[in-house]
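The following pair of complexes shares a single chain, chain A, combined with chain B in the former and chain C in the latter.
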Partner chain A sequence: ARRAGGPFANPEERKLSLLDPQRIAFLLRKQWTLYSVTPLYRFSNAHLRNYSRLLSAFIAAERQKGWAVEVGVELDIKVAVSSLPDLKGSDQDHAAILVELFSRSPASQKTSEEKLIWSGWFCSVCGDDFFENMPEDFTCLPLFLTNGAESYTAIVGSWFQKTFDCCFHRLAISPLNLSWMAAMWTGCKVDKTASAMELIFSVPGLLQPLDISYAIHPEDAKALWDTVQKTPGEITQEEVDIFMDCLYSHFHRHFKIRLSAAKLVKVSTAIASAHCDGIIKVSLGPEIGVLAVVWTGRLLCPLAETQA
Partner chain B sequence: AGISRIFGKVPLSLSQACLVGSDEGLQQKLAEAVLREKKSFRINIRIATSLPLPSEGDHLRPRIDLIAFMIDIKSKYSLRNVEASLAYVDASFFLGKVCFLVTGVGRLNCCSVEMSAIWKLREVYSSPVLFCELELEGIRVATAQRLLRMLEICAGLIPGVSALYFGSLMSRSANY
Partner chain C sequence: MDEIVAEYIRRTVLKIPRDEIKTVLQKWGFLSEAQLQTINFCQIKENISQDVVQLCEENSAGVKQAAVLDIIYNHIYSNKRVWSVYQMNKTGEETDFFDVTDFKKKFKRRLQSALTNVTINFREYEDNAIWIRIAWGTPYTKPNQYKTSYVVYHSQTPYVFISVSVLKRNLPLLCQALVAASNYHDIHEMELRSHSLNSLKDIVFKRYSQNFQSYYPRPIQERNVGPENSRIIQENRNEKERIQRVNSEVFGDGPQPKLEFARYKLETMFKSDPQMNVLNKKEPFRCLVKFSSPHLLESLKSLAPVGMADAPLSPLLTCIPHKARNYFKIKEKKGVSPRSFVSP
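Let's turn to the complex of A and B:
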């Protein structure tokens, strides 16, 4: 299997590097929970203001029915739905859609002090061949990333499900895809103060669960990856396998433990980290951070399509 | 050492299968399921974590009729173990006397092995791949029945059907 990877490998990614850092600052240094979404029916960029209003009303109605996040706290919730036109993988992809929930306590109604309490964004970074058979009236935004309380996610999700007849499912990341991410992110050039690359494994079949954490110096990891990767800008499954096998055999030589028989559950590098439960966090930015999201998205979008 | 030649031993009325894989518990359960099945011939099942088999007792060991390699797609190690063991199998076994049992595909979220690696094994070694969630009892019993049937054919106990003929039938149907 051959996939693109590596900084500025193709023209779309070079375009991404010109993104306004302010606009994409929202996605850095936050933990995002991943969901796969089926195509949305009759979603339109022209009605984003309407959607904000409708979602606000829906949340207010739910609150009336007795749904509350924090007991005893009266919050006025404002919804903002906006489009991020440049955040997409290719021209065929639909632009990312950002949904933000702000809270304003009644006491400070006069002042415009708003606090961001929840955000979620839909994105499509699938590339051109994905949309060949997409019927009209359907918008494909297969990845949904959320940050904030689970109860807000549930309410926003149920509004979207009712309004656009779509389904949300938590997205899990397999050890295979986590290995891809480890290789992709290791290949990026980071400065000397970068944190270590950490791989966390869970060992199955024991009475007491056992987690193994394997930390590798980022320069060593990059040096290893550089000897393995043949074509800059391209990553193959074979190269990922060799990279991981080297790390596993190094560990085995020292500790006589076969990590290849355990389950890789988390990958953490200076650029980004990902957990098998479908949680990612992008640390560095802006360009590298966005690229990390795009590569991850490319890896996960087809996954999202099959799981949805 | 190792399983060197099929025809180097005198055939007995006993047929023998060899299960090779890194999960001994699962191999044990599968072997027991095969032995529990009603059958009209005597069978012996040998369990090994890898090949080659230890060389002592080689002369006492009856001929092996079928080798089933077990791979768990949740464990990269199980694939590497099988790949290393395949090197110790004589080429004549790959004429219908080898099969691959792949478990774990029911949980794609935990997979550590790419499917293309499994297809490559099927192609390179011209041997059938059976997907079976051996942790589930029903599937274990069904797989045991299939293995028993294959073993009967590979031991030459079914007149008119040779291991090679059966193997080519399996591979042709897999491509449709």
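Let's turn to the complex of A and C:
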């Protein structure tokens, strides 16, 4: 059995509810690709301005080498690295670090019109017992989320790798973790216009591929989850299993197909959605949205640590 | 030649794969063989289309010719559109002699009396199929040749296949015109949709291979499972063969009609093992299930043999061709025991 928070179940989460919605608005309604990161060597919050400059220069140099992303228009890329002190799972966690790439076309250089073209943020939401054996010079920010062109992700990633001797790996989300997310998010109260809870499966190994979308009315899904979850604020593996088994057996009753043998590829609720290729999107916010990320992070952080 | 017509012809040609342009133009027959010889079909499509337009200019092509080219394109590449099936009903037993000219006249008259700004073109094919192309305008604007609907009517049957795409509000008008022209009483939409027009025809005309009950149980030796190796023992041989046999009975042995999706709106009760002490509501558990595949029925047929499903598969799925539908709304059967439950 594992513990994961229900809404505002513990003090850290109550703190999150006090987060400035403006600061975390960047998080919402965007698709984030997930990576696991090994600890960063000699990273310091005091040098964020420096890092912005160095990364800027690095990008400019790479573009000189011919790595240009945009053909034609010469874009000026500005980097901003900042800290989000309140965005973390517990006091032990390191504050989240946000990296943003802005573009400014030469035409609008007079005005300071900047367009956000890429963002990525490192975060740690692992909880207290995670940091026991962390050596001194290392900063642990095991989860990296990116939004924007793959080419920028590659370049930012390679700068961090060179500078802090860390490694990035795409993070896959297993059907087990997807089920957790489905259960957690279904349990949240949402308004009447909420979208359905949808599970998307793909059946591997067939000559003609088959995709199955199984969408449940959000009120009915929540009603089912509420009868399964025994303690508010706490979710166990057993409860998630029962919840999924109920859905699988309802499906089997109608179609005689064993969904548990299919591959769960994506789960989607009104709050957030997650894809097995390591992509999440948070729809509602601000507090619920941030919580969705924190819970996801909690699920994935230990995972990130072992995969990296 | 009208600029709009020229552009329309040019865009239609661009849609065709390069290697097939010549054949399509020949089917069209508007440009002579001699004219076609002057076109270099090995150049890039942009240039081919320009050459075609040039020749059409020489022949003074108008909207009608452009429309016919469009029908031919859609007839060959019908799987680029989604087709819905409609069924018309007659009261009484009379089978009127079908007069194509009369049909076309009545259809045009009915449609144009309600909406003057429409372009209507017909083309007949060998299998008694009448293709109708309608370009829609509004009471205030000329017909837009890019806003089209297509109708395929098989005169010997009550079935009509319609691809509407945009402007669904014109659908009732279209249906009325069809009913009036074909001397039927009314028309309703069947819950059957697909990109594959031929598969839809197979299903409603029952042209796919139906399952035949075989009373000759095939001896085990006939089922060839590859080279015999005495050291390999098939553990589930009996079960495997039972699955094959049941699948055969339910799906038939021939190729399945090609559908891409099936959708089920479920409003049945959630039932669980009472011991589990979970949800026990009096209201239905509302779900929407969508199956999709490049070839749905073949895909479903292969589920039991790979162990993903029971054999026989649920009648909700296997009834698709027989019931000629792929959109379903399933409610709980009233007053029946939970075991035997819903009918599609």
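One rule holds for everything that comes next: the second predicted complex is superposed on the first by the 308 of 308 C-alpha atoms of A that agree within 3 Å, B and C clash if a C-alpha of one lies under 4 Å from a C-alpha of the other, contacts with A are read in each partner's own complex, and residues count from 1 in each chain.
The criterion applied here is as follows: a contact is a pair of C-beta atoms (placed from the backbone, for glycine too) under 8 Å apart; a residue touches a chain by one contact, two chains touch by 3 or more.
Just so it is clear, the model here is predicted, and its values are computed rather than measured.
Of the two partner chains placed by superposition, chain B and chain C are both touched by A:261. Of the two partner chains placed by the overlay, neither chain B nor chain C lies in contact with A:54.
When both complexes are overlaid on chain A, the residue A:174 reaches chain B alone and has no touch with chain C. Contacts of A:237 after superposition on the shared chain: chain B is touched, whereas chain C is not.
Of the two partner chains, chain C is the only one that A:214 touches; chain B does not reach it. In the superposition on chain A, A:279 contacts neither chain B nor chain C. Considering which of chain B and chain C touches more of chain A, the answer is C.
Look at A:149: by the touch rule set out above, it reaches neither chain B nor chain C.
Legend: residue contacts after superposition of the two complexes on their common chain; A:196 is shown touching chain C, with no touch to chain B. Judged by the document's definition of touching, chain A residues 258, 261-262 lie at the interface with chain B and also at the interface with chain C. Residues of chain B touching chain A in their complex: 22, 74-78, 80, 108-114, 116. Within the complex, the chain A residues that touch chain B are 1, 172-176, 179, 204, 237, 244-245, 248, 258, 260-264, 276.
Listed in rising order, the residues of chain C touching chain A in the complex are 264, 266, 268, 270-272, 276-281, 285-296, 298-300, 302-303, 306-310, 312-314, 316-317, 330, 341-342. Partner chain C is touched in their complex by these residues of chain A: 196, 203, 205-217, 220, 223-224, 227-228, 242, 246, 249-251, 253-258, 261-262.
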